[in-house]
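Multiple structures follow.
Each of the next two complexes has chain A plus one other chain: chain B in the first, chain C in the second.
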Partner chain A sequence: MRKESLKNFYYDYIQPLLVNKKSLIGLIILTFFILMATVGPLIVPLDMTSNFAERYQKPSLKHPFGTDYFGVDIFQQIVHGSRSVISLTMLASFFAVLIGTVIGVARGYLEGIVGRAIDAIIMVFLVIPSFPALLILAAVFMNYNLNVVEIALLVAVWLWAPLAKQISAQVLSLKSKEFVEASKMLNMPLRYILFSDIAKLLIPYIFINFVMQIKGAMEFSVGLMFLGLAKFDPTHWGIMLNYALYQAGALYTAKGFHYIFFIILNIVLLIYGGILLSQGVEEVFNPRLRGNE
Partner chain B sequence: MNYFVNRLLYLLVVFVIAISGVFVLVNNMPGDPAYGLAVYIAQQRNMQFEQALEIAHKMMGIDPHESVVTRYVKFMNNLLRGNFGYSTFYNTSVNEIIARALPWTLFVISLATFISFSIGIYLGAFAAQKRGKTIDTLISTLASIIQAIPPFILAVLILFVFSVRFRLLPLGGAYPVDMEPSLSISFIGKVLLHAVGPILAVAIPQMASWTLSMRGNTAQVMEEDFIRFAEMRGLADSVIASKYIRNNAMLPLVASLAIGIGYMLGGQTLVESIFNYPGIGFYFGKAIAVRDFGLLTGLFSLIVIGVIVATFVADFVYALIDPRVKLK
Partner chain C sequence: MNSVLKKFIAIFVIVFFTAGIFAGCGQQTKPSQEATQETKPQETVKTGEIRLATDWPFPFHGNPFGPGGVGGAWWFVYEPFAYYIPQTGEYIPRLAESWKVEENKVTVNLRKDAKFSDGEPFTSKDVVNTVNFIQAMWQWPYDIESVEAPDDHTVVFNLSKTSSSSFVHTLLTDGAMASLAPVHVYKDFVDQAKEVADLGKKIFYLQTEGKPVPEDMKTEYEKKSDEFRKKVNDFAPFKTLGKLPVVGSFEPVKVTQSEMEMKANKYHWASSQMKIDRVIFKKWSSNEFVWASLISNEIDAAHPSMPKDVVEQLSTLNPKLHVLTVSDLSDISLVFNFKKPLFKDLNLRKAIAHILDRNKIRDVSVWQANSYENYADGILKSMESKWITQDTLQKLTKYNTDTAAAEEILKNAGYKKVGDTWQQPNGQPVAFTLSVYGPHNDWVLAAREVVQELNSFGFKVEMKLIPEGMRDQVMRSGDYDAAIEFGSAWWGYPHPLTGYQRLYDGDVSAITSFPAKDKYNTPWGELSPYDLVLELQKNLQDENKAMEIIQQLAYITNEYLPVIPLYEKVLPIYYNDGYRVTGWPSKEDPIWSLAPGGIERVYDLLITTGKLVPVK
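Our next item is the complex of A and B:
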């Protein structure tokens, strides 16, 4: 029985993603970075000691991405930094989806004054420009040496609102459906209706949004690090970029081009992987969602 | 007209909540609102923390014995009179900084938006007409790759390639430091040259997203029945393409155009910082870096006002251009 449902899950959700060209390439790119973050640091050692004799070396077999201003291997830093880049991005997307779903479902289901109050909260977060607000929040908390989870939460606070609005609209249209009415008439508890009847139908929708959040979470966290507002890992790509530009001045010497180029290449490739996967996922699952409406 | 009064009131409430939230955040942190500034001063001047805290209090104009409520009333009262507060770092009123910075930001935003919108609309409609052909795949793929590049990363690339490598563009600023602002042709030329970098960094990602949404909208409109009907009436393809398809596909985009301009007021912090371009975003970044919370709350209030005005204008514009939405 269990095996059967796993098989169904594979045919319903996984296989269509492997057939779609966009989501397949997106998955390959993301898998590559996840492998880099999980297995990479075990294979590639990190040596951060300065070696000025090897400053700004061009990419070679010894240094695949070349060396930076301090003569430190850039490839090693990228590999080790991927761990905090990926974990921060994934955690921030996860929190954003979690907050957005809970608030969205609550807004869609609750009526009266509570519903309106939640509506106003969503509206406020939609109107406040997220990036400046995130910067203020980070500046206020800067002296508290936040860890990955806390920074992810700071980022997620400014990402959840659009999702909550969409989810609440979905719930509003679902809750007038016959099967929800039926559960209500059977005197099922609210908990059951919310989590069993409604949440189940929202799962593909939530998954799409999780993937879509990757771009925003990535842009926000790299921007935050780039401004030097959260410094928990010197090899995070945003902090590397900050060092490259403001500490080492790599931008202003032609020799430093590969330094900046490889950091940017990795950031952009990771975001592109997220975009491709979300486009693919949408192409695959959207007709199904429309069918539910 | 009732709808607009309601909407305006609603946006006002949102504004007050948003500004109050930021005020509470900055002023009611665990500990002292001047804590961050004090740490900064202590680090910069190598002094005792207590001493630095006292200086920080003086700089921020905070009386540590005054209650938060009094401070809040003062702040809101000032804001309603159009006084955005005082910047301790620049030692001047925030209004003066806004007067100095806002024209540059508006200049860059308006040019960038105009360029990206007109090209994006054209490319998106073109790609949708050629759906499935190589040129469409090329445009859409390119647009989604560009979307993967955050604007500030693009700014770094532009600065490196055009300013450092090929020396075609200046390294930063709004005009050369050794030039007096005037209306001479050479000065205006320099101003335009200095704006090219920021404009490109803002316009290129925008263009990609306009292209993609216009392509989607056009494809959707092309499936509508009234298009088929227009074809059956024997109208020329060019008339259908411009009058029937493009105008209808553009409609939702014009509304988001207004909102987008509002958000851009504060959204280009990193781009302006990278180009040292003295707009609102540049000063916002500066305020963050030196923990100038007076300047920070002042500029943030301005940014929120921008968004709210833009949202309101968008509603209005939408009602004007779309005959299906009636002004009531």
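Our next item is the complex of A and C:
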């Protein structure tokens, strides 16, 4: 029985993703980065010893991505930094999407004073300027050694509100559909209506949002490091980019081109992989988007 | 009907926007026309402009006591009695013609031709009012017991008995001392300022003498000073009067968020020599903005921190750009929190001094800085040969990079290396956090390198950034293990006394809690650095005695390491020669040593002496 349901799950959800070109390429890219984060540091050793005389070395066999302003191998840093990028930003995006979806669905479905109260909460988080709020958080949590999950939650707090607002609008339009009315008439429990009838249809939309949140989460996590809230990690891609742009001035010297290029390339690839996968997911689960059928 | 209405609205919108665009263009050109008209009578003498970069509060209030003061315009707006050139020890008279120092009395003879930019003469009454104002607003400097104006051009400062001999230098050279509160601008506050200043001094002197201060006196002072400060803080001369009368060489006339335009004070005592009549300040929004502005000749001079490769690129792109460096009269150091047991161990501090490669730290942080290769004696590197004798140098331990020496020191002190990690004699790993102020890029780069080197050696060091605006709070509350901070600094009075005062009886001792009053073994016997600083202060005029005390302080500082200096901070000055202005002095000219603590003083001096001239 279980085997059968697993088989069905594979044919219903996994195989279509593998057949779709966009989702396949997206999956390959994301798998590459996940492997980089998990296995990479075990294979590629990290030597952060600076050597100013060897700064801005061009890409070569010895240094595949060249060296940075400190004369440290960029490739090694990218590999080791992927761990904190993947864990912190993905986790933060996940929490943001989770909070945004639950609150958004609840707001969209619930009416009356409860709905308005949730709406008010969403509005509050939409209008609070995130940077001053982060400064206050920095002051409050300065002496706590926060772990990755706690930091991810702190980041997510400032990212969920726009998604909740969008999802509540989607739910408002979905809840008047016939199949939801039918579920209501059949006295199906609220949990079923919310999460089986409505939330299911929002999956591709939520997934795209998850991918789009990665960029925001990355910016926030760098901000937190510079505020002293998160443990400072010089190999975090955001920190590397900050060093390259604002401290080493790599944009202002031709020698520094590769320094910025390889960091941005990896960030773009990671996000692009996610976008392709989310587009693929949408095409698979929304037949209207399947142009070739 | 509807379509007619739509057409009408469309035509109205187009006409409205077109008119707006033309009006906008008109507004942009108007000020320059006005400026041309106003400067016409002096066009033959002054037609030049210099563009610089700085910061200022916006909306601009023009009140030096208000938040942000007048920003980077300070040294163009307010003049001190004299400028001091640290490299030559020369005082250049500005608002003072001459001065006489007697025991506790300084008599300053003011320039008779000094006038404010609105034509009002600058007199001794303005100085008296300024002193009352700063004492009332800032509770400083109580070294001045009283100030008198026997005539319009003479000011007599009576100093308190506890005043240090270095205060005379501050009195003569501090920009705040002479012309901050002109009587004709602050006339509504004159009596109140004197009353609050007198009351504040009375309380201060009672406290200094160890006498009790009556409660009603304290209450009265708090009430009156609060009321006075609020009134002064709310005063915005630039808005209220529509101008800012200045005794300095330039007056701010138009201030926006991105640009401050200053016009020459046509009544300035050096006006006849000035060839530049306009200073334009561009907003220093970021270092990168300043780099780009220097490349494009948008500004003529600035002093941003700039990586080596960017400087090379800049010089290629803009051959008119020159660079020189002067000491910032301060060093960037690794400071320890002596409340933490780990750092009470001198052996660990000595080991750290040997582990760190200070040249490497300098290279990645501020490549132009002066490196401390061997010593940590509290004397700025650029001043070492002047203040430390060869005999003393031979007595000092050399802290060259030598990890083997560090290992030996640690092993002899009972530390041991287990695996890759060093352990203290109590079995705990040598682990701590290095805090660094996030917004200071060069400090962050230095911290990164320090952490890297210590971790490579086998310590467990983590880096923590202090958020913007929280540096004082974190450092003063002692909420750190070790940190990157200013160590010795000779700002104000460029003399070893200032640096040692800071280390043993000032800002650094306050944040590190180094036991400065303890006695330390030296070749001259057991000495306390705190007592030595007091002794040096008393014997400043006795050169031989002062030198002897400085040698003793240098020995204690080097051998007991209250801080480990990483590099002597320098001020890189970039200037465009021949694009808009020319006449910059040679790189060796001592005038550049005036830059630390107010680089605008150098520009002001060059303009008012007629050295800096517009390019024809």
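Of note:
By definition in this document, the second predicted complex is superposed on the first by the 183 of 293 C-alpha atoms of A that agree within 3 Å, B and C clash if a C-alpha of one lies under 4 Å from a C-alpha of the other, contacts with A are read in each partner's own complex, and residues count from 1 in each chain.
The definition used in the following text is that a contact is a pair of C-beta atoms (placed from the backbone, for glycine too) under 8 Å apart; a residue touches a chain by one contact, two chains touch by 3 or more.
Since we're looking at a predicted model, the values are computed, not measured.
In the superposition on chain A, A:Leu135 makes contact with both chain B and chain C. Using the contact criterion defined above for the overlaid structures, shared-chain residue A:Pro234 touches chain C, although it does not reach chain B.
Contacts of A:Leu18 after superposition: neither chain B nor chain C is touched.
When the shared chain is aligned, chain C comes close enough to touch A:Met225, but chain B does not. In the superposed model, more residues of chain A are touched by B than by the other of chain B and chain C.
Shared interface residues of chain A (contacting chain B in one complex, chain C in the other): 135, 139, 142-143, 226-227, 245, 251-254.
By the touch rule above, chain A contacts chain B in their complex via residues 120, 123-124, 127-129, 131-133, 135-137, 139-140, 142-143, 215, 218-219, 222-223, 226-227, 229, 241, 245, 251-254, 257, 260, 264, 267-269, 271-272, 274-276, 279.
Taken in their complex, chain A has these residues touching chain C: 48-50, 52, 55-56, 69-70, 135, 138-139, 142-143, 225-228, 231-232, 234, 245-249, 251-256. The touching residues of chain C, counted against chain A in their complex, run 286-288, 291-292, 306-307, 309-310, 312-314, 360, 363-364, 367, 435, 438, 441, 444-445, 448-449, 452, 456, 462-470, 474, 479.
On the side of chain B, the complex with chain A involves touching residues 10-11, 13-15, 17-18, 21-22, 25-26, 29, 35-36, 39, 144-145, 147-150, 152-153, 156-157, 159-160, 164-165, 171, 263, 265-267, 269-270, 273-274, 284-285, 288-289, 291, 296, 299-300, 303-304, 307-308, 311.
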